[in-house]
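Listed next: structures, encoded as structure tokens.
There are two complexes below, and they share chain A, which is joined by chain B in the first and by chain C in the second.
And then the complex of A and B:
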């Protein structure tokens, strides 16, 4: 057919134009705003303003710490769950569905769910008082119990975000040809040997994508923290929201956005470098 | 392996016979461990299932309790089974319109993502063209980009264009989130439909469009529906951009975040339930397609 040569371009053009208008343009605009001083000149005024704010360092360390704790735990859990799934016969689909349920739950709803459990008059305190661990309802979710609050966010994030790692790993495991594992068995390799020498190395591309995706999502943590900690636990996204929405300082908010993007890019670069996937394995 | 388990019991009760068959002994030695492992395995699966389900059940428990029970102490696992909380939520100022806005935004997002994404998915599945890999890379990378941040400059741009605080404007942002998924899932979908079917239709006198509509589309319809539903869920669940871009016409998530401090506790729990339930149902409907959406098989 004659028009074939141009047809694919006609087909992708609408989506490209749309992404150009609503992705590329605002992307450039965010940089322009972040590097524009309040007097209209180009400079780092917005950045020095957010850095001198007393919430800057807490929000940065909270976000990085949260990512550093949550992502490794999720990776280990998801690998374990994915290995369990491959061992299942009947019930595999139902269990996999249940394990992926949090994927469909918004971070806001996840925050509310864990608020119901962890708040002062919540289910955890009720349970602990029923077994005589505490006498009176204790409030965990405030800055006086900073560690408990941090732990609460960690638990909620692990609960919500492990499903996506699991889905990526399970579909990655489906791509590993069975012959490799069988060959390992024939040569007498134990389960652990096969796991470390065959399954995990073969899974590296999936682990890489899962880590990148999950880390970037962890850096964007917002609603879970808002629900559980409010302003008692600042993170980068909540600061961005406050500067934009409460203080109406779009330049400072844009500076935060640029910071989040730069951290995202840097971490993605590290993953790509250190978990280097050979081209033929892709 | 399984069928020999009765044999394993025998050989362990008769050690002398087992030693006479060294090879079999090697094969049988871990049997007792096997049973322990099996139970450990089942326990692990059960714990992880409970880990996912119990928190959701507790939220549901809260939303069918009375408001007094929600703020009462201590909590019981036997709620009053009242619809008072949900009823209160339903009549709370701004809830109905927030719910409507959420549905509307999700509906727009769904339409934009599919109308723009499905043709691109078809192009990726059926053609080899210069620039194809670059396009694919853009789509895959944008999946990991912190999209909601783009709401910041768009808030200013939308004021200039005159669609600030509008559901349509918000849907545009949500569509940039959903579009990459729509492209990737539809392309893997079309790849699964043999091109020969289309060619047969061409031979029978259909043009490309007719062949697509009569042969490919009916086969792809369930998958396209699934990616539409996924786009819906993305918009339904999104918090940050919604909270930035809508002020008067708030979506449900924006409503819950913006009224965090002033709204009573039962509003949060009932709102949480209303957020969770449709997402769960939709996810159940499209569970078969989840893996082609997130899997690396799309690369």
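And then the complex of A and C:
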């Protein structure tokens, strides 16, 4: 039986090794890099450097604003979509497949698609001028129109990222025992009452994991913003990329990476605290 | 025992690979798919031996070389990159090529370019390969709006501004264009054209009163510039689709416009300011990694690429002009004829101010460009106070120059030690 006792450890060893080599090691390296000053000493030099940079506050606000707008909208949309899907008897799978198509598209491709729609000679402008809504294709996706840029990124991100939330919620809804809802009906609860008092509370574990996952992804938003906003809309990830590859200052880039991680950890902590899932429901 | 033949075949295959290996040519140049293909078919195919041309973004190019420098057996044979890119590598990454100078010395390569190839040291770290520069291009539709008395081949920044205003007044749209997007080269415009034209300097006079006047002028010019400019990478695209009528860019990035519709566009030199007509030639070089697997094969390929014939082939593929003395044939594409004339007019202009690409900055060259782009974004796009912005940036500029130890380069007067910002 000795053999059997060790089997689970043998089986997880490859993935542990993989995570150690490609996640833990680079992670520690970046941490060390971020806190190493340019003179080799330990300190916060890299952080003061990125904070004094002109693009720091714009990129931080843009990222947090994007996350603050995109994630709640996606959550509401995904709950709505999941409720619809679970009520369907016929064609449920087909609808799910169609809704999750954006999941299979890389974020860079998604950015290119939306740029093709929204740019001056893109589909939206051509359509609007074809039906005489506007006189000539206008370019509104530029730095003078920060709101339009932001809105374009929000729309593209919602299109691209709602499916992941949806998939988690649909599977979560499948786990809620039908008896609770039936009991509610027997006692005469309305649909809204059942939604608020039964479905959503029972769905809390799934909402929690969907929120955590989606928020982390939103904090790392990059390719879509790059395609639509370019340098007009800096975000934390684009600054990280630029400090590493354009300005070749690994320390500063690592400081950005650590900052993104700290924000992610803080927000995840909040979700765990405020969407507290009772132990027995886990 | 049935496994033996398979194992033997495998061993034979593995053993024979090095002998049959292609020459790996790793380059930051000719990156667009089409250009890379032309590089392979036009410039490298006649070489006879198989060359694996691998274009790569500068950031990845540099990271890979730095990462591989410690390994004894490199995989790359020949490197192609801009002066600034090769210069930002740790010098020991590149093998000294002084032995090639005996054969290449008499091909008419400019002394100034050859000394650039030493990257501030004693040994030849790269061989100048090809050159290009930045010029202006305009749609013929814009020509009627040229201000009265302006000569397209000797334009001033005041006249460019008047021209842009005339076009906007007539069409209702700002039609000047600058490559200020993420992939655009506006920092070169600032470093090699605007600053030298207004201050006859790029580092020393960074925050002088002349520089303040320059930024004010550029703000005015920007007011008649298409605001989409902050998304433009290659100006040939907005020129071709009519978003922009008058543009500044690298000759290689205007190429498509000239080739696709040669009759619709004109090429002309960059404008002049109070201090002259600043212009910046771009030099790309060929180098050999210190850990190249077959240094002799690498050198042979470089010698081929430096023959006048291969240089003309490279010109056809990339629109970069030869660095060796040679006659240009008559059957060259429109883009080369058009930009060639503008380049010659620009560099031979009486008021021309030669500006070199930043040199000696090493790893700081990315940050150097950032200073100028930051100044542009803050002053022109975000409307920040000019004095205040330049005063914030000047110490950062000085710090990075001190760190790299780079002395002044043209048009700044030479310095003892790191180039000082006044």
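Definition applied: the second predicted complex is superposed on the first by the 279 of 282 C-alpha atoms of A that agree within 3 Å, B and C clash if a C-alpha of one lies under 4 Å from a C-alpha of the other, contacts with A are read in each partner's own complex, and residues count from 1 in each chain.
Criterion: a contact is a pair of C-beta atoms (placed from the backbone, for glycine too) under 8 Å apart; a residue touches a chain by one contact, two chains touch by 3 or more.
As the structure is a computational prediction, the values presented were derived from the model and not from experiment.
Asker: Name the contact category of A:112: first (chain B only), second (chain C only), both, or neither.
Answerer: After superposition on chain A, A:112 lies in contact with chain B alone.
Asker: Which holds for A:121: it touches chain B only (first), chain C only (second), both, or neither?
Answerer: A:121 contacts both chain B and chain C.
Asker: Scan A:65 for contacts with chain B and chain C and give back first, second, both or neither.
Answerer: After superposing on A, A:65 lies clear of both chain B and chain C.
Asker: Please work out whether A:139 is in contact with chain B alone, chain C alone, both, or neither, and reply first, second, both or neither.
Answerer: The answer is second: A:139 touches chain C but not chain B.
Asker: With the two complexes superposed on chain A, say which partner A:245 touches: chain B (first), chain C (second), both, or neither.
Answerer: both
Asker: Quick one: chain B or chain C, who's touching more of chain A?
Answerer: B
Asker: Touching A:232 in the superposition: chain B (first), chain C (second), both, neither?
Answerer: second
Asker: Taking the superposition on A as described, I'd like to know which of chain B and chain C A:51 touches: first, second, both or neither.
Answerer: Neither: A:51 stays clear of chain B and chain C.
Asker: Check whether A:164 is in contact with chain B, with chain C, with both or with neither, and answer first, second, both or neither.
Answerer: first
Asker: Tell me which partner A:8 touches in the superposition: chain B (first), chain C (second), both or neither.
Answerer: first
Asker: From the superposed pair, tell me which chain A residues show up as contacts to chain B and also as contacts to chain C.
Answerer: Common to the two interfaces on chain A: residues 121, 226, 230, 244-245.
Asker: Of all residues in chain A, which touch chain B in the complex?
Answerer: Per the touch definition, chain A meets chain B at residues 1, 4-5, 7-12, 14-16, 18-19, 22-23, 25-27, 29-30, 33, 80-81, 84, 87-88, 93, 95-109, 112-117, 119, 121-123, 125-126, 129-130, 137, 159, 164, 167-168, 170-172, 174-175, 205-206, 209, 212-213, 216, 219-220, 222-223, 226-227, 230, 237, 240-241, 244-245, 250, 253-254, 257, 260-261, 264, 268, 282.
Asker: Along chain B, where are the residues that touch chain A in the complex?
Answerer: 41, 44-45, 48-49, 51-53, 55-56, 58-59, 62, 71-76, 112, 115-117, 119-120, 122-124, 126-127, 129, 131-132, 135, 138, 142-150, 152-157, 172-173, 175-176, 179, 183, 208, 233, 236-240, 243-244, 253, 256-257, 260-261, 265, 268-269, 271-272, 275-276, 279-280, 282-284, 287, 290-292, 294-297, 299
Asker: State the interface residues of chain A toward chain C in the complex, per the touch definition above.
Answerer: By the definition above, chain A touches chain C via 38, 53-55, 120-121, 139, 141-144, 226, 230-232, 244-249.
Asker: Per the contact definition, I'd like the list of chain C residues that touch chain A in the complex.
Answerer: 57, 59-60, 62-63, 88, 180-182, 226-228, 230-231, 241, 243, 363, 365-367, 369-370, 374, 377-378, 381, 403
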